Structures are given as C-alpha cells and as structure tokens.
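Sharing a structure with you now.
Read from first to last, the chains carry the letters A, B, C, D, E and F; within each, the first residue is number 1.
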Amino acid sequence: MTNVAMTDEARELYSHATTASLTAQLVNRGLRTRAISNIAPVNPNTPRVFGPAYTLRYIPMREDLATGAAMADTNNPQRKAIEVVPAGHVLIVDTTGMDVSGTFGDILVARLRVRGVAGVVSDGPMRDIAELKTMDFPVFARGNAAPPSYASMLAADAQVPIGCGGVAVFPGDIVIADPDGVVVLPIAIAEEVARDAVEQDRLEAYVRERIEGGDSIVGVYPPNDDTKAAYQAWLAKR
Amino acid sequence: MTNVAMTDEARELYSHATTASLTAQLVNRGLRTRAISNIAPVNPNTPRVFGPAYTLRYIPMREDLATGAAMADTNNPQRKAIEVVPAGHVLIVDTTGMDVSGTFGDILVARLRVRGVAGVVSDGPMRDIAELKTMDFPVFARGNAAPPSYASMLAADAQVPIGCGGVAVFPGDIVIADPDGVVVLPIAIAEEVARDAVEQDRLEAYVRERIEGGDSIVGVYPPNDDTKAAYQAWLAKR
Amino acid sequence: MTNVAMTDEARELYSHATTASLTAQLVNRGLRTRAISNIAPVNPNTPRVFGPAYTLRYIPMREDLATGAAMADTNNPQRKAIEVVPAGHVLIVDTTGMDVSGTFGDILVARLRVRGVAGVVSDGPMRDIAELKTMDFPVFARGNAAPPSYASMLAADAQVPIGCGGVAVFPGDIVIADPDGVVVLPIAIAEEVARDAVEQDRLEAYVRERIEGGDSIVGVYPPNDDTKAAYQAWLAKR
Amino acid sequence: MTNVAMTDEARELYSHATTASLTAQLVNRGLRTRAISNIAPVNPNTPRVFGPAYTLRYIPMREDLATGAAMADTNNPQRKAIEVVPAGHVLIVDTTGMDVSGTFGDILVARLRVRGVAGVVSDGPMRDIAELKTMDFPVFARGNAAPPSYASMLAADAQVPIGCGGVAVFPGDIVIADPDGVVVLPIAIAEEVARDAVEQDRLEAYVRERIEGGDSIVGVYPPNDDTKAAYQAWLAKR
Amino acid sequence: MTNVAMTDEARELYSHATTASLTAQLVNRGLRTRAISNIAPVNPNTPRVFGPAYTLRYIPMREDLATGAAMADTNNPQRKAIEVVPAGHVLIVDTTGMDVSGTFGDILVARLRVRGVAGVVSDGPMRDIAELKTMDFPVFARGNAAPPSYASMLAADAQVPIGCGGVAVFPGDIVIADPDGVVVLPIAIAEEVARDAVEQDRLEAYVRERIEGGDSIVGVYPPNDDTKAAYQAWLAKR
Amino acid sequence: MTNVAMTDEARELYSHATTASLTAQLVNRGLRTRAISNIAPVNPNTPRVFGPAYTLRYIPMREDLATGAAMADTNNPQRKAIEVVPAGHVLIVDTTGMDVSGTFGDILVARLRVRGVAGVVSDGPMRDIAELKTMDFPVFARGNAAPPSYASMLAADAQVPIGCGGVAVFPGDIVIADPDGVVVLPIAIAEEVARDAVEQDRLEAYVRERIEGGDSIVGVYPPNDDTKAAYQAWLAKR
C-alpha cells in the first residue's frame, strides 16, 4: 500500500484549492486529461474531499463468480479494500463503464466512514442513495442503481493503476473533488500544482471583485501588468 | 386488462422492501436484469411507489400520424391508457429510446392522480416539470423535455410486454420504485422475493448498527453464523 | 450584430409562455426540432430566461492554440463575445459535443450579469458550479466540469448559425428557457407562436381545473366544442 | 396478417427505385424519418430487396423465459413468424436496441428463403455470418454477434407497429433496401412515391451525364427550366 | 504466466466449434455474457483463431507518461507482452473503451506472428490496416485508427483479469474467434462446452439439410424426438 | 479562399507519408488530437488522398429551411462549395454529429471529380454508395444513409474553422487520408512533420525486415544506437 506522507502545508493547500483552478494549472503544464466531469456528491452537504488515491478495479461480471456468496470471501478485492484502505485516503473506483449496478451501499460506506477514510469516488452509480444522502461522508458518483455491484461487475484487484471516468489514476495520486468534479494530481507535482491553484483562486477573488464593480474583462481577466500590480496592492491591504 | 388481486400481506411487503434488497434477492435467483438505473422521482417528496404494471408502448413518430389533432382520438392508445389504467396500478412506459419529448405533462398526470393510479414510470423524459414537482404523485423518469410526446413518438398499444430502460416488463408484474431506481418483479415470485427482501432489510439494519458501532465487515457483512445468532437475539429483544 | 427590437407585447408574451406550449405550437407548424432537452438551470432559483440569441461557436481544441495565454487575446471570440453580447440577449453556445470542459465560470458569468445580458444557454457543462448556484443570473447547461473551456475546445466565431443541443440557432432567434428545457423560436414567427402558446397555457389552466375536479380527459383534453365554450365562459368570468 | 396485393406496376417501380430518390421524395412530402442508416446487406451479392413489411418485435430478455428450451414452443412469436410470414414479404425486426445477440442464424434464414420470403431487415446484428454470406438471400442488418437471440432478447409479438432503427414501421408498409440503407414507405403513398423516385432516378441519370460532360451544377442540379427541356429532348431520343 | 496444457482432443474441438454454437451452449449453462460482438478479422482471409488468453490491460494515457520514448522501456507492459506471450496463445487486449488509437501496428503483429502466437483480439481499433490485411495472421479488432496506442492509452499490466468488449477474461481462458465474433470460455468448462458445440454444429448441419429440403422448422429446429432419431440414422450412414 | 502553394517536395512527401507515422510525429510534438478514426474510403480502390483543406460546415436542419427547393439557391453554401473548392484541395465536412443523412451523393461527387478536386472527407455518412464505389475518386466517410443532406442538416458556411470527427480543421491545413484514417496537419508544420514521417516509414520498413527475420523488438523497435547504425548501413546499400 502506498502510504503517502502529507505535509501540513500540502494538506492546507489540498483542502482549499478549487478543481477549477487545479485543472487550469494542470493544462498550463500540458496535462489536459486529469478531471472527471459530470460526477456529483451524493450528499450535497459533503461537497469536498481530498486525499491520496487508493484504487479499486472492477471487471465485467461472470455469472458463476459474481454472486452474493462470493462477497463473504475475505479475499474478495472489494471486501478487502473496505478494511485496508488507510484512513485519510480516497477510495477511487473503476467500474469498467457499467452503469446498472451500485458500486457500494450504505453498510460499506458506513464502514469506510468509521475507519476514517476520506471519501469515495466512483465513475459508476451508487445504491442506498436515500441513506447515503443522510451520512456525513463524501461520496462522489454518477447516478443511482439498485442492484448490488455483483449484478454486473466483479472486483478484480486493488492498488493498481486504473482508469476512472477516463482519467488515469495511480495509487498515491492526490484526489480532490468539489462540485465541479474530481481532479487527480500526479503525486510528483501535486503540492506545487495545488500551491499555484490556491494562488490563482486568490487572484480570481480579486478579479471577481473588479468585475462585480463594473470593470471589463479586458486587461483584468486574464490580468495584465496593471491589474497584477493592483492585485498586489489589494493583497497587501488584506 | 390484468387486474392483479393483491393480499394485504403483499401490499405491506411491497410498501417497505427496498429496491436494493429486492435486486439482491433477484440476483440470488439468477435474475440480474430486473432494475432500471439512473431514473429518479420528479418530485423528491414522492420517493416511493409500488403496484402492478400497466404497460404503454410508444414507437418512433411518423410526421403525418403524430400530430396534436391525433391526440383527440379516444382510441389513441396513450389517451385510452390514461382513462383505463386501474387504480392502484403503475403506468409504466416504453419510450423507445427517445429523449427529446416529454412522456406526459401535468394534465395527464393530474388525471392519473384523480383516478387513484399508483404512479408513473417512464424510461424517457417528462414535461411540465415545474408543475409535476408540486404534485403529490410519484412520477419516475429520466430527465426533462418540453415537446409533447408526439413530437418524436407515437403510442402503439397498451398492456403488451414492453422493454422499459432495458428491462422486460409484463402486464401485471409488480413494479417497485424508490430513490435507487425501479425494480420489476415477475408476478409469480413477487411476494416471495419481497418477503425475503424485507427480511434482508431488517438484517441489514442490524448489520448497520454493528458497523456504526465499530465492527469490521468480516463475518458481519455478509453475516457468519455468529452474527446470525446475534441478530436473532437482537430481533427477539425488539 | 443583430440587434432585435422587441415590442412590449412580445416581451410580455416571451416572459410568460411555457416551453411546453411553445413546442406544441411549433409542432403544429411542422417544426419538431426546436427544443433542447435534458438541460437545466444551474441555479434553480433562476428557472426562466428569454431574449434574442447571440451565438458563440466552439470547435475541438488544438493543443498549441487552446492555451491559457490565448485567453488574453482580445480577439479571442469567446472573450470578445463576453464584452459585446448586447444587454437583454441570451448568449447561446455550441460546445461541439464536448462534455469534459466548463463552458464558462463565475467571472465571465459575473461580467455578463453586470452587462445586463439576459442569460446563458450552453449544450455543454459549466464550471464554478458552487458560485453559479449563488448568482442571481440564469445559466442553462448540461452538467459540470472543472477544466477551463480551452482544455478541450477553442472558440471559433460568434453570431453565426450554430447547432446547440441538436437545434439550429440563428443569431436573433428568440431563446426561451424554463425547467422543461430551452426552445429556439425562428424570429419570423416568434411573436405569433408565443401568443398562441400563452393562449394555450391559459386554456390548459382551465383544463387542469376541470381534471382536478374529476372530469375525464375525453372531450376536455384536447377540448371539444363544449369544452371550448365552457372555457370561454370561464374566461369571461375571470 | 396484412396480405398486400401489389400491382405489376408497383412491383416494377419498387424493384428499381433507389432509396436515395425515395427518401428525397419522402422529404418533399414532409416525411424525414423514413430511412434506416448504417445498415448493410450481409451478403454483398444480394444488395437489393423490396416487399410489404411483416413485423417482429423483441423485448429485453428475462433469464427464466429466454432459454433454448423456449425456442421449441411453436407459439414463440419468433418461431411462428418464420413459418407464417407470407412469400414476397420482408420480415423486419425490432431488436430493442440490443447489439449483443444475433437476430437470426443460417437455419431460420434458410427456411425463409425456401418459403419464398423476400428478405430480412434487422436493426440488430446477425449470426452465422459466414453461412449467410454464401446464401442467395437478402439480409440487411447491423453487424455480427455469435450468441442466439435469446441470450439478450425475447420475441414479444408479430405484425404490430414497431420501431426499426428509429423508423416507425406498420405491417404492410413497403420496405425497400439497397446499399444506401432501408426505406419504409407508408402503404397509402408507396406507389406514388416510388413512381416519382423512378422518374427522379431517370432525370438524375441525365444530370449525371451532363456533369460528367463538364457542366456546372448551377441550373443543372437541381434542374432549371432549360435543363428540364433538354432532359425531355434527351428522353425523347432514348 | 499461465501456460495451459491443451490435449489434442481439445485442440481439435477448439479448431472446429463455431462461436454460434459455443455461445448457445454457454447460455444453456447460465453464461450469457461470454461473447464480444461487432468485432471482425482485419484480414478476412484469417477468419478463425483459438488459444489460451494472454491478457494485456491499458488505462487512459497521462501526457507525461504516454510518449514514444516510453515505448523503448523494456519494462513497458505492452512491449514486454509482445516478447513473452507464449506461442499458441491469443493476446487479448482491454483498450479501456478508447477508439482513437491503434492497439498495435504491423511491426508488433509481425513479431507476434514470428513468435508463433496464435492471434490478437482487441476491443479497440488497429493501425497499419493496409499491412495487416496482407499478413497471414488473425487479428480481431473494432475499426481503424492511425495514432499509436500511446496517443490515448498507457499499458498498465499483463496477465491480470480484464474486461474485453464487456466480457470478463481471465488469463488462461480459451479464446475462440470466427466471423460471428469472439467467445471466451472459462478454462474449467472449455473442453466440455466445445465438445457440445461441435456436436451441435453437426446436428445443425443435418437440420440445415432438412430445411433446405423443404421441411418446416416445427419439430426439426429445435429437433423433437423423431428428428433426433432421424439424425442418428443420418449420422450412422455418414 | 486560402490557396495554398505547395512545393514539389511537399507534394512528394504528402503522397507517401502514412497516417500512422504522421500521427506518431504529431504526438512527439504534443499534438494528440489530429486524427479521425473509424473512417474509411467508400471505394476501397481509392485508399489515399492528400491536399489542403477546404472546409464546409453543416448545422442541424430546420424544417422550413432544409428543403429540396433550397438546394437550387446558388448561394446555398453546400452548392457553392462544390463549384468553388479549388482543384487539388480536399473538401472536408463537419456534419454536426448527424448520422442519418448522406453528406453528398454521386452527382456532386462527379462534379468535384471533374473539377479536379483531390477528394472528400466527411465525418458523416455518404449516399449513392453503389455509384461512389465505382468512381475513381477518394471519398472518406463514416457509413451510409439514403436521405439527402437536407433531411437532417443545413449547410451553414464554408472556409471557416470546423470540427471534423472531433478534430479541429482550419482552411488550408493539410489533410492526408489512408486506410488507417484521416490526419489533419497544421499548415505551419505540415511539411516538416511529413518529412519526419516519411523517414520514420523508411526506418520502419527496415525494422519490419529485421522483425520478419526473427529479431526481438528489444533494441530494434524503437531502435537503439546499434540498430540506428545498422539502418544507416542498410540505407547506404539501397
């Protein structure tokens, strides 16, 4: 298991950087495919999560293997993952493009919450939606489906590179989600990208003030030298 | 018309069983394709419905037949269905994969409500969404579209076997919907499946308590013999 | 720029006609493809917008051209559009089928709001969703995506005919959106269609009363001559 | 069963009219949705078929009903259709959007051929492709799939209105297929449309000669009065 | 590496069984999801292949990792697979739903051919199509794309369970492909299923003779007891 | 009109470079989205074309504008394009994602051929397929559809930037197509990329010889220094 040590500064950055600015910083670095779109928090009151990626990979089901009974096997990668994903990590799931089974339901999510896991990201649907909406735990997913995962999928392995919503995810990458979607930061540049994103968010707060005050976007967004200087002055006064 | 007599016990079971447990019970019986996913109640305050299926089938429109004027024909299968679907039934609709027309709007839904119909399930969009959100009547559908049904569809017949959201539905099957989606129970096993699902829901309430209390899922979910015994004791005390 | 003069009567009609009735009137005239379905207001408190169309067209990105730096170019059609779309118009955007980039974010939308633009319609996702949800400005879009538009798209030009959500839109067409979706009225018939739609809405309010009162839809919806006469009497009494 | 009497003239027209001209004539009459695209003859040596539609409708499978054993039931609508579709008719199939099962294989197709059926049109895949490619019998379909139909589908009924490839088909409509695809002519206008299409094909043969000879399309395609006159002269000389 | 010993009898069965009969036998055993549809041999003169599965898994690309230079790394799972997949095996590839890159081109395929590999199955496109069409080596794929694999994908690992075209594939499963598509047989039942399929093919050859001779399918296909007895007599005479 | 002067050397390079090597060279330069996949020559005997792009853009149809009569208007952008696209250019068409209408048929294609146009690329279907298959003129498209373009589309303008098959195309870009698909080279780097691609093709011919001779891909593909030296010696001997 990749247990990623995270500095306090990194934690602070990850807890504030918006996915909008993170993706802008990533595109600046030539990385255009780091975001999962059209994904939403099941419980709108838990709209943000971050942490190192713990990956889980499904494949399509095979009728003789994907059964309720198989779920009792403690070596089943899905069941095992629930008990071993480290506290603070985000469990991120490749559901192999299936959209007819729920990735997890309320009991597995309850276990993850008790264990201190940071949250769940799945590119497939969830089940027990009514319960998940009341749980104080961030789950980002695409839609709802009643059937258990094994109705259409089979857990293959965990902590391997996966594709989630078309995005390559390596164990230990930093996953950050907010209402705009999910971003996966390569660990080698995660802190640096987050630092620049937080700075971008700060600048854009200033720009937004200017725009609300009636300024044109010309020279202001993106900022020219005058605007940058004015921003520095604004920063100094805060 | 298939008028399904329903025992009080059946009614009680159908009114409580979750679609999550119903689908698990169905997969146990080798039936993996009984649920419609990514479907939601238009009015979130009416999140549950059950009843025997009354089916309505559309085909793609033909410009000379699918007109507003044709709606006045009392033999139009759509108009006829609205007046003859029995009280207590669920009107379930095959919209032939079209997603650019509203299946029904507020007037037809109002008529169904007045007539005591249990609810509506459509694998296509609805129209008059703003009104439907205020009506105390369960409508499960996929999205929103302004145009009337005949902009892209033509009602072909009613009370024939249909596919709804990829699920075979026979008239008289039991339809149950909640926030996880819609399940269609073959009538011959509906009551038995619902009974087992309600029992599963009860067991899972106990399991959830154990998990919230800090237990691992190992041996608890799915339950081993010890957990089953403890569950029986818990049940006895309730 | 097509600056469409709008009479007070037209404005009144457009501000009330539902997209459900507008599309019914359009189908009556042989126009079945004037509505964008499965599109929703980002901020549910701004569920309606109307105005002449100001069109913006994207093409797929090319890595060397679609960069953050290119956004500073005042000739960039996207940036230019933000500053020149006239007050009262609806900025309507063809995102070329891409669903992985946000069309606009909060700063550009704030500028449009300050400038008195009526609203935004995009057949792609938005970004800065959390902020847009708090802004008193109608934005109709399909989903959410964190990356900036240039992660996958390039603004090509403005005020040309476009396709938006499969609908042909010409500059100056009247765009009307409500919770059922977006309708695009050809300018030559816009006022007439809206007038008939408002009348249809009025009739349907009466029909809805009748249905709620227990009447069958037969002869009432669509109305036969008796119902039409009764409606006239009802109207006279109002 | 709709047994459509066909005049010799109609037969002659249907055997020559191209689907390209037939669809042009249909669009002239306001019917834009009468063609199935991206469909091809399995055996490229049998690239044309016409005849009245005999419809067969599938729904999604249900595991307990869609079995090999069920195929022996002579009331199974699929099996029954094979024996009762009249000679000269086209068996046209609604495969409910499924693309993982073969609609028919070589044995059922052999039976249809022996019985004098005109051909098969399916909006799903075929199986026994290698054999079908050697049989002197037109089968138009979309792709290939090894599994038997009942792996994912269940025959529901026959000779009802269906949707095939997004096109409404009524029993008795005239189906005409060539390498451009399949066209479904409403029976009431079939002969008239075919007559105009054959005339259009004749005119376009002349236009093609002119274009190959170096003429511009201006005034020639579509033809102005001069070109029409020259065409009449050309016709007279043939 | 799973090196599957194969008996001569098994080899004989696998070299003759059609995917049509194999899938029918699998559905009889409750396995409905063992076939990849809409896949075709690139070179139509190599329409059949069988062998144990050697799996290769891609994930979506990440721009800094998926480069031409990375292809020189001998630990790259794609490059490694080419050199280690055993003779007689089928290299079967999960392309993660991408359809814009070629899985392999002529040089890698040439190497596989020289090494005695049985063939290639990919659920994505191929490149160097013109060359592959001239090579005496079975490659089954879906379409064509010019860009190298790393334009949109990254090889993640080999010899792990994968999904290929929606079908679960385990290393060592028996892969059989013909013009109807690709079937993946679980190794534990592969020989038995193939034996029954070969017998079914033999019976269907007899049935086809009967049908061509003018018999109805009733009682013949599927065969009743009389037909089965006649078949045994026919077999005895061969 | 962008009339691109082309040197004899450029012409020679474009006439030989494979799209496989061109896309590899483009990815090396950070351009991953320059190829249209799953597109094929309608006539397999005309499998290659190159030339500067002349773009044509469609939008979705509007019933009152997209008629046969409108085709007679010499200002119709589609008709105009046919007469003005310069000899030697490739007419490349954005069909706005529609797949139910034929982009062009045999008469327009015949006119383009007579006028010396290099070829046609469309991301939609063609019509008059049977005729196009016999014409000595390269047309690359996706599938077949009988209806005329105006059944679902309306020509909007020409010689503007377009998206074709998800690829940004600017007027004057160099379009090259072969059986692997279509590549669009930005004009500024077209000759340089083609030069490198032709060199890569030459190197790969050598590599292919080595692989056919039994060499491993290790050190040979991609080539290490030894292989590069041996290649130079091989080149010298040719």
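Criterion: contacts are C-beta pairs under 8 Å (C-beta built on N, C-alpha and C of every residue); 3 or more make two chains touch, one makes a residue touch a chain.
Just so it is clear, the model here is predicted, and its values are computed rather than measured.
Enquirer: Using the contact definition stated above, find the chains touching both chain D and chain F.
Expert: Chains that touch both chain D and chain F, as defined above, are E.
Enquirer: What are the chains that chain B and chain F both touch?
Expert: The shared contacts of chain B and chain F, listed by label, come to C, D.
Enquirer: Since chain E and chain F are copies that touch, just let me know if over half of their interface numbering is common to both, same, or not, different.
Expert: different
Enquirer: Copy of D-F's interface among B-C, B-D or C-F, judged by over half the contact pairs being the same?
Expert: B-C
Enquirer: If you tally the C-beta contacts for A-B and for C-F, which one comes out higher?
Expert: Most contacts of the two pairs: A-B.
Enquirer: Which chain's mean C-alpha position is the greatest distance from chain E's?
Expert: Centre of mass proxy via C-alpha means gives C as farthest from chain E.
Enquirer: Give, as an integer number of Å, the spacing between the C-alpha centres of chain E and chain A.
Expert: 36
Enquirer: Need the CA-centroid distance for the pair chain D / chain E, whole Å please.
Expert: Comparing mean C-alpha positions, chain E is 32 Å from chain D.
Enquirer: Between chain B and chain E, what is the gap in Å from one C-alpha centre to the other?
Expert: The separation of the two C-alpha centroids amounts to 39 Å.
Enquirer: Where in chain E do residues touch two or more of the other chains?
Expert: 30, 32, 61, 63, 166
Enquirer: Going by the touch rule stated at the top, which chains touch which?
Expert: A-B, A-C, A-E, B-C, B-D, C-F, D-E, D-F, E-F
Enquirer: Mind pulling up the chain C residues that touch chain A in the complex?
Expert: Counting only chain C, the residues touching chain A are 61, 63, 67-68, 71-72, 74, 79, 82-83, 99-102, 105-108, 110-111, 114, 125, 127-130, 133, 143-148, 150-152.
Enquirer: Can you list the chain D residues touching chain F in their complex?
Expert: 18-20, 22-24, 26-28, 30, 32, 35, 37-40, 47, 166, 178-183, 204, 207-208, 211-212, 214, 216-218, 221-222, 224
Enquirer: Show which residues of chain D lie in contact with chain B when the two form their complex.
Expert: It comes out as residues 30-34, 59-65, 96-97, 154, 156-157, 160-163, 166-169, 186.
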